[in-house]
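Working notes, structure below.
Just so it is clear, A, B, C and D label the chains in written order, and each chain counts residues from 1 on its own.
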Amino acid sequence: MVLILALPPAALSGQQAQSTSSPSSRYQAPVISDTGDLKGPRQPIFFRHDVHAGEDQIPCMYCHYSAAVSSEPGIPSLQTCIGCHQVVGGGSRRGLKGDTTAARAERAQVQLLRNAWRERQPPEWIRVHALPGFVRFPHMRHIKGLSTRQGVEANATCATCHGDVKHMTQVEQVSTLRMGWCVHCHMQNTVTRDCSVCHY
Amino acid sequence: MAETPPPTTPTRVTYDYVTRTIARTLSTPSRGYFLLLGAAVALLAIGIVTLLYLLRYGLGLAGYSHPVYWAVFITCFVFWVGIAHSGTLISAILFLFRSGWRTAVYRTAEAMTVFAVMTAGLFPLIHIGRQWYFYWLIPYPNERGLWPNFKSPLIWDEFAIGTYFTVSTVFLIMGLIPDIAAVRDLATGWRKKLYALTSIGWTGSNEQWRHYSRGYLYLAALATPLVLSVHSVVSWDFAMALVPGWHATIFAPYFVAGAIYSGCGMVITLLTPIRTLFGLEEIITVKHFENLAKLCLLTGSIVGYAYVCEYFMAWYSGNPTERAAFWYRAFGPYWWASWTMIICNGFLPLLLWVKKIRTNITALFVISIFVNIGMWFERYVIIVVSLAGEPFTKWANAVYNPTWADWGIMAGSFGWFFMWFLLFVKNFPAVSISEVKEVLPPPRSKPSKVHV
Amino acid sequence: MTDSIDRRRFLKVLGVTSAGAAAVSACGIGPEPTERLIPYLVQPEDQIPGTATYYATTCRECAAGCGVRVRVREGRAVKLEGNPDSPINRGRLCARGQAALQGLYNPDRIAHPMVRNASGKFEDIDWDGALQRVTAKVREAQGKGIVFLTGAEQSTFGDLVDEWMKQVGGRRMSYEAFGFEALRAGNRMAFGTATLPTYDFANAKYVLSFGADFLDTWLSPVEFQNGFSRAHAFDAGRPASMAKFTYVGPRLSLTGMNADEWIAPKPGSEGLLALAMAQVIMSQHLARVPADASKLVSVLAAHTPRAVAQVIGIDEATIARLAREFARSGGGLAVAGGMATQAANGAEIVAAVNILNYVVGAVGTLVKFGADLGVGATNTFADLATLTSEMTNGRVALLFVYGTNPAHSLPGAFQQALGKVAFKVSFSSYMDETAAACDLILPDHHPLEQWGDSRPRAGVIGLQQPVVQPVFGTQPTGDVILKLSGRTGTFQDYLQAKWRARHGANFDQYWMDSLAKGGVYGEAPTRPVRLATTAGNFSTTFAEVPSWGGDGDQTVVVFPHPALHDGRGANKPWLQELPDPVSKIAWHSWVEVHPDTAAKWGLATGDFLLLQSKFGGQKFPAWITPSVRPDVLAVPTGQGHSAYGRYAKDRSANAFELLGGQATVYGGRSFIVRATASKTGEHQRRIATIEGNARDLGMGTTEVLPLARAKALHPGDHPFHFEETPEYAKDAVEWWAERQHEKAELGNYKGEQPRWGLAIDLSKCTGCSACVTACYAENNIATVGEELTERRREMAWLRLERYWRVDEHDNLQGAVNQPMLCQQCGNAPCEPVCPVYAAYHTPDGLNGQVYNRCVGTRYCSNNCPYKVRYFNWYNYAEKDGKYEAFPEPLSMLLNPDVTVREKGVMEKCTFCVQRIRGAQNQARLENRNVRDGDIVTACQQTCPSDAIVFGDLNDRNSRVFELAGNPRGYHVLAGLNTKPAITYLARVVAQDTPGNG
Amino acid sequence: MMALPKPLHDLFRPPPTPGVLAVFSHLDTTLAAIKRLRAAGHTDFTVYSPIPRHEIEDALGQPVSPVRAFTLVGGIAGCAIGAWITLWMSADWPIVVGGKPVGSIPPYVVIMFEMTILFGALSTILGILFNSLFAARRLGTILYDPRFTNDRFGIFVPAGSDKVAKVESLLREAGAEEVRRG
């Protein structure tokens, strides 16, 4: 685990990052002038998945590193953020296209993070995807199962439930996460519908 | 008003007399009526408050104690379902048998049935642990794609009780329609409007009578197996389980007989004051009571026979757990409940062999009260004592005692029942007008020997 | 006292709040509150969210020093399990060890230092201020007497205290309420060494206990139980190897009820029995007697069976038979302790038993001096009596108390003497009686929060490491002492320095290995001992059975409670709610009365008896039982606290108050006292949670086989085959059953699936109830408290049913213990009656219980013949509710993998389905199938006697498959055709009729 | 009175039927009147009675009520629905309980039975309502007397102005206590 934390994102994503890194085809996250229109809950720091996962192509499991090996995906520790943001001050990504106001705004968000780290006060993220206490959702089983079945890399399976987070400026819940939704998928994939797989 | 009454009939009891006597029961209520109604509502209030407590804090407020997981609530449930049985029996089965005497008592019995089922139906909702999820027992399409388990006797129960409630309600309403029309034609003011609406255009024309009589006959024919099935299904709640003292093939007929027995008892209990208060002595005669008493005697004897059978089979089977269960029942810590039940249901009805007792309404009233008590205890014994004496594992040395919450809900159920019953008898004819007339000789211009 | 913990700080530690919080809120009504996720600042390296991490440390609940592994999830310790590397407990743990977590997260812990102010009340003080005061007081008290009182503390911490005391001119004393003074004195008398040897039960061929409760409270119970069950278990196929166990004592304890034979001589005369047996063995040359034993001949000659039979109340033939059995077994091990050695002549009794061991050659082979037990180094009761008088006389100016609660267990004189001490400092983390009497409280970390070690026996050092962040604002006493003694560094540095001194080269590797393994596990060489020259000099004391202190017509035996022990367990609801293995009484104390006595007095179970000794009087509800001698009343300790938190305070009566303060000649304490008994007229409706008697044996519930019959069994035999279907109907029933099951395999039930099953060997099960507490811990089972326990609403998914076992003359010989849990029936009666499929059959053969689907009709429980389903009558997780089972921070130990059930829901044993699913998930990640042994249920994991085995019944190579086919195997209530997944292996009893030695 | 569009007006407020209403105090006179009316070729007259009397039915010679068909169809449909919900719902999410087949008939018979009764009874009620209230002559279009629910019998004979007098006399002759035109 220590090893993974110490490596830069590209090292982890390996080949994939190389193969898709043609600069022209790269997704560029939009400039957001009015955050009030965005769906999903407002987070204490305006962390943009579309910038990190979309534009910068950081694999999901760089931050949510335990998703493929544990039942809980975990949320990255502040150290993970600061690992990059010690150097990356924000406001210089391609997608901004030189918009100085936007760049200043993004730098301000990075500054919030740096302050939190300095004051050792982690931000309280608002939970977007929550299941009731009586449901078990082992992330690693789903990631393994979906990636095997669909023949894709583990990071590509997240979207099945979480939606296209890579292009979400602010993360919102796209699936109902209700039992009917779970069961529907289980039946489509002919996996068990036994109650005690999720409820115990 | 009949001009030349037939000699065989008392002069006073004519069609008109019947209509007016029965319609008089709907006159402005007395203070006593309001006192009774107030008492019923007060009891109901106790029940509601208790229920709120149960909802807030949990079923732990009741006396439940491992392994007695069903107790007073289910006892009351079976008690009220049992009460509900004589109504349809009297109105449907005796109708099919063309028993003339039923006409004077069947309306009361049928109303009692409907309200008793309404009461009984509350208990399964109250007694479950998460009352707010009661609708999960209903097969409705839902997002989760889940259905109830039709193998569970509780689902059978739900269907049986639901059907019984529906059918007995429509049966009661069907019977009421011609009578409401009769009352409508006497009433004035808002009541006339109410009855005009509820009699849905009844005139007594030959077309109406033609379909009505046929339909009523089919309803009776459907209700008859239903009556037998409902209490059989209720008995299977127990007989399908493997608890010694429950798991017996005799349960269905035993419960049906017990139900009719308790129902007849309750009919006597209810009719006695109604008859006196509303001055219906000439419509509901001692003969009616005697017939009810005979029915009690018959069903009571069947119940007594079932008791003997149960004990005999427990001994004769040689099954040690069965024997232990019945030994516990008779001589265990709940012996008093068992013997109350045996005396009230096994021995008390034997008094009805004596014609003097059978025709003494005061005596019958007292006996009927004991019948009710005895039948309540029968369910208590079957449910609580069988569970408490569970002989499979010695873990089961139960210390069950009901608490205020048990009694509160039970009181509430009596309040609920009597509230509806009292409201009913003051607003709708408590004795069938048209059917009582049917057993009277029709008015003729010249005396005739035509059969009644 | 219960300062609310700083929740924010907690959450930072936790990393994610979701798991625990969601588990508690469970299935509430209404919209889910907005959840917040608080990230770690720095991710702990060895923790993965959603995955448990295990840390090895050492259990400090008693002096046995078992190794434990702590399961940590998201920074919370959620479960303790035995450390398989530890030679002491070999991966097993007792109920008290399991409950250590409730000490860590106890809601009544002292959160901050507290000082007694002028008005006599405690007020908070900061650590700096507190330490300044202590420094000042130490300076003041120097030369006027400083005493540091600890519990049994054979550890580096003890060394530190010794150093500090030397520095300030004080002294350290250690105190254990149930010390082993008689054992030490007896060993000195017989062998000239006052140390406590270790006992090798596993290799014994005959175990004879003179009151030593080695399965519950004596020395090292988990270790001994593990060894004992190896010796005492019966395994068909292997040469019959069952060691007979005979128990000698006035009452059946947990240990006693496992005996094959119970001998109840007059209390205090046990030594005579041992001597008479030795006499028979020597005179009849039944064993190869060591040469130097010849000097005993003359002593023993006075103790022929004929001579002692009258005094001890056991007939001559029995004594001779016991001697023959013991000697001829070729591996007899006799142990003395507990009740038999608490009389004034306790040391002599031990010496007599030592002689018995010696003459059969057990000393040196089964009794191993050399691997001496650390608990033998505590101060004696006489020392404590001296301390008391010193305190009374003002010769102690400053008293430190650490890890012990003398104000509860020592006589009243000690409490009065405490008042004479100028300044008292307690390091207790709980407001126990001693802390409440002190002037300053410097709350210590819980052992799971701090560094330390423990030397339970020579050769073994258990290492103790912090496994969770401190829950409260406590400080480790080691750090405090270092600060007080003016040294730099933490106790961790001190500990490492000490270890480094012991092991110089390559220390870092050594340290990491020790941390990973949980300690250093060596074996001390056995030291040969010879009979001391004085060995035969004691027998004069046996001229008659002694009388003990006090007056009154009744003999009252005070014994340690198996779970609460001397009272230290009383603040843990798991232990309070754990029914005593013998009496099955929970949450309160009792007095054991023989039925004959009860009949004489007109006493019913539950009637209160006032026991009045010369030293004090206490009221106890009577429990009428044949498991006690008619002339003896027995009372457990553990209850009757006047402080010690919400679970312990003002609960029942303190048996210690009956006892006197006079030390015996060997420096111990007499736990037998004369008293008068009178009825008070009060009555408790229900005191025991369960009653079982001999009649229930063989009724399809509990099966017992005599040894001879068990030996004659061949594979494939079915001694308990219960044939309910008559011959003529058999074909029809089988055809029907087959059709049923064919149709039952529709849908997703097709295909090869495992069928999980359990095998429980009743020959191994001792009834110690460790599994019960383990189950509580693993499955978030609510404790319901005394009131609801009395109403039989306890939630124990796994209960131990105790059935008395009598011989052909109806004399009680012991008990059979049967763990009763959900049988996961193949044809489960509970399932079809559920209207909403909350109880249903999983494809892998479990009786699933879907809590969130349950509406609570309770029909399933009514239809369960085993009565193993439990209902949530209230919301036991409701915050500040009347019956709240997990008040903060107790909720921290909730297992995040298991739903916390809400009110109105039925629950039951699931075979630890969360562990099954966890193992399946893990196996799938590794692209393999689940292997036998991957899944270990919580009860199996902790069982000190290895009586429970879990596995797949469809796997022909699994251990459980093999055991299920054992001819001793049977299903409970097989006649009901429920097809349980649990196979019980009948208890085998080594019954030897007289003359059949 | 609210004005209704014509088709609705016709439906809800049909015009009164002209005819004659006779009130009888005795059953035998009523029966006599029926006989005479039938002999006179009247078929669509309405007889009111406080109770159903088989003598009247006999005298009228009506066919058996079609309500029984409703009962039969309802019962069969109920049984089928009972079978369908139990079997289909069990198979929709097959769950094994107590080692029993997913679709086990014996317990489902109970549900089928109850559904038979329920649907049979409900469709019987529908049959009665349909036949006697909607398919029969509409209330309010013919003359009625409140005494008919008490102790009087009545006969309403629809008759145009041409026949009224003749019918009146016929009824009076049969023993009518009172005759009215409407």
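Just so we're on the same page, a residue touches a chain if its C-beta (ideal position, glycine included) is under 8 Å from a C-beta of that chain, and two chains touch if they have at least 3 such contacts.
Remember, it's a predicted structure, so these values are computed and weren't measured experimentally.
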| item | value |
| --- | --- |
| Chain located farthest away, centre of subunit A as origin (C-alpha) | D |
| Pair sharing more residue contacts (C-beta pairs) when A-B is set against A-C | A-C |
| Centroid distance [mean C-alpha coordinates] between subunit B and subunit A, Å | 64 |
| Centroid spacing, where centroids are CA-atom means, of subunit A and subunit C in whole angstrom | 48 |
| Whole-Å gap separating subunit C and subunit D, where each centre is the average of the chain's CA atoms | 81 |
| Separation of subunit B from subunit D, taking each centre as the mean of its C-alpha atoms, in whole Å | 30 |
| Residues within subunit D bordering two or more other chains | 93, 95, 97-98, 100, 104, 107 |
| Of all residues in subunit A, the ones touching two or more other chains | 193, 195 |
| Set of subunit B residues in contact with two or more other chains | 145-146, 148-149, 151, 155 |
| Subunit D residues touching subunit B - in the complex, by the definition given at the top | 25-29, 46-53, 55-57, 60, 62, 64-68, 71, 75, 85-86, 89-90, 92-93, 95, 97-98, 100, 104, 107-108, 110-111, 113-115, 117-118, 120-122, 124-125, 127-129, 131-133, 136-137, 139-140, 144, 146-151, 175 |
| Subunit C-touching residues of subunit B, taken from the complex the two chains share | 57-60, 64-67, 69-70, 124, 127-134, 136-137, 146, 148-149, 151-155, 158, 237, 240-243, 320, 387, 390, 392-399 |
| Sites on subunit A touched by subunit C in the complex | 1-2, 5, 41, 66, 69-80, 117, 120, 122-127, 130-136, 138-141, 144, 192-197, 199-200 |
| Residues of subunit C touching subunit D in the complex | 739-749, 826-832, 834, 837, 839-841, 979 |
| List of subunit A residues in touch with subunit B within their complex | 178-180, 183 |
